[in-house]
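Order of writing sets the labels: A, B and C. Residues in every chain begin at 1.
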């Protein structure tokens, strides 16, 4: 439930200029897909929204990103609070080597959001939101690795939702999963898109068309086209977009 | 090569040999280590057997080690070894583990190689140099600081051993910490954890068993250290009074062997007793190293259950 | 922002132990440097019989050359077997563990074994050859481990390309894998040498005597060595530190040379080999 306003974002990794003067306004409570060929900067873009690029040495970012009107690149920003408000789900499921419960409880604990019985409630709520509760409610103390790939990814989604974010970033969340798991997660994405602002990176055009309300097309670090998904796919304004959609490159 | 029991495998193996006779040579070189270990066990036991048959279990628990009276009870020596090593570990473990965490997680990348190399250089300093410095600098300092007549006491030996053990702990722990997959760290950071929270709640728990293994390896190194402790431990075969007094000289096992082998007549009881001590050391370090190996090998079980669906 | 300051404080606290370790290292170098004055060129080149330490240096060099000459090839071949040829199974794991165990055997125990097996059983007596074999036992795990790592870093595709052209496995391995891993192999041999150069306990009763008449003319004669001499002089003969400082320094320099060379080589080649990070 937050609007993400990106203004003239530039990111360098050492000498490599990855994002070039990117400006984009992500609508709140919707699913926005970011697509484009390999190396176009999709992952860098979403990692700029939770300032995870800074972890990589040699990275530099200029520009502004406003979430609910506040510039997150302002020097007074509490980056830890930012990352609570902007959650992230990674390409390969990466649950901690702990129990299912501990995975979901991790976020609330470190942010001191609750303790004792309250944490149990948070864990249950999150797992339900991630459509995982019914399957594992009796296995909360099992190792996260005893889950299937698709379940692990839903666990990661639950973990991200547990800290009550406003924005959820997803970096190709289904690329490491089989088709059945992918379908489940795509349904989940549409569901949580109604409550959170979801930005999903995908290289799968059909997935972007299935899942998102809005689509942005990136090419070599620049924003080529952005609009509601139907228009972008059926009536692309840019020739480049059309070529990408019809598979001439990518 | 009767080690391969399965007939199918054996014929495959033999066929292999005909194709590549060099593989025999390679195999022999690889098996060298096992053969040597067995030879060691055999010969040391053989030479020590006289002492063991003479004293039985008293060789280990006997309280008096008097060469002149042909009395060989190694308990004070074992006590000395353990005491000195315990003292060393008390210092080396906190020092080593925190240093390893610092280097692996906190130090900026650019400095990492340099600092790791310096610590590796620290590990390369021969023990005799440590002993040398211990004798000429450390012992006199300890002697004057505590007001005792001679600085060659258990404390000095522990200090020297601590410095020698830290690089082992740092090296192995450091490797384990670097091997923690960065996807866990990213997941924690993306949830808003601070670096410290990530280290404490994610990285260290994952590296725990590896760090434990590094401590065990440090213990093994320390208990096997000969020259450095010999030069500073005092070399008196007594249990200190009171037993926890580090300001008293002790006689670690390794030092005894080094000091007395030169004089012991081949085949004498003393000679055999020294080999008995060698056997104790061999078995002790063997157990410690095997345990450390098992702990490290246990790591993959962490990922049991479904692996990445790739 | 309190959590950020708290974190900074914690990191500083964590940095103290590391700084302590480094301080100790520099302290050691400092202490040793105070004795530089005792080093004179003629000390190094004069025979022991005239107050110099020449034979000790050469003796140490002889020991190191021989040990490296045995441990090098055996270790590399063993590592090649373990990485390229060994079937995945219990026996290979046992060999692996045996190497780790060998690495953990106290040097004095290796010395004991060396004496009873090489010197007495094999009849070598207290000799250079016995020293070679004993020191090889200490070098071997280091060479094997280092070579294993170096080989594992070479991309399998090099070897596969050679195999696809029809060479035997050994030819492919030796021509591609071993030669590509050469810097790493040399590094590990040098680290092994650094390790045994200062080794005292292993040579204590297997190969050294206090004084020899000239250099050994055959490997079956005993030899003088820096570490041994330093040890005996301080411990048995009770000589004062000043008298032996020269020996200690030369020994330290030899070890420092090999260790530094090995580490620098490793860093240098890691940057140059394009297939590494």
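Keep in mind that, in the parts below, contacts are C-beta pairs under 8 Å (C-beta built on N, C-alpha and C of every residue); 3 or more make two chains touch, one makes a residue touch a chain.
Nothing here was measured: the structure is a model prediction, and the numbers come from that model.
Chain B has the Cα centre that lies closest to the mean of all protein Cα atoms in view.
Of all chains, A has its CA centroid at the greatest distance from the CA centroid of subunit C.
Subunit B and subunit C have Cα centroids lying 17 Å from one another.
The distance from the centre of subunit A to the centre of subunit C, with each centre set as the mean of the Cα atoms, comes to 51 Å.
Annotation: 48 Å between the Cα-based centres of subunit A and subunit B. For subunit B, residues touching at least two other chains, in rising order: 194. Touching of two or more other chains is recorded for residues 3 of subunit C. Within subunit A, contacts with two or more other chains are made by residues 80. Chain contact summary for the complex, subunit C toward subunit B: residues 3-4, 6-7, 10-11, 14-15, 17-18, 20-22, 24-25, 28, 31-32, 73-75, 77-78, 80-82, 85-87, 91, 94-95, 97-113, 115-117, 120-121, 137, 140-141, 144, 168-170, 191, 194-195, 197-201, 204-205, 227, 230-231, 234-236, 241, 244, 248, 251-252, 255-256, 258-260, 263, 267. Chain contact summary for the complex, subunit B toward subunit C: residues 3-4, 9, 19-20, 22-23, 25-27, 29-34, 36-37, 39-40, 43-44, 46-47, 94-96, 98-99, 101-103, 106-107, 113, 115, 117-122, 124-133, 135-137, 163, 166-167, 170, 194-196, 217, 220-221, 223-227, 230-231, 254, 257-259, 261-262, 266, 274-275, 278, 281-282, 285-286, 288-290, 292-293. Every residue of subunit A that touches subunit B in the complex is listed here, in rising order: 50, 52, 55, 57, 80-84, 87-88, 90, 92-98, 106-107, 110-111, 143, 145-150, 152, 156, 159-160, 163, 176-178, 181.
Per the touch definition, subunit B reaches subunit A in the complex via residues 108-109, 181, 183-184, 186-194, 197, 201-202, 205-206, 302-310.
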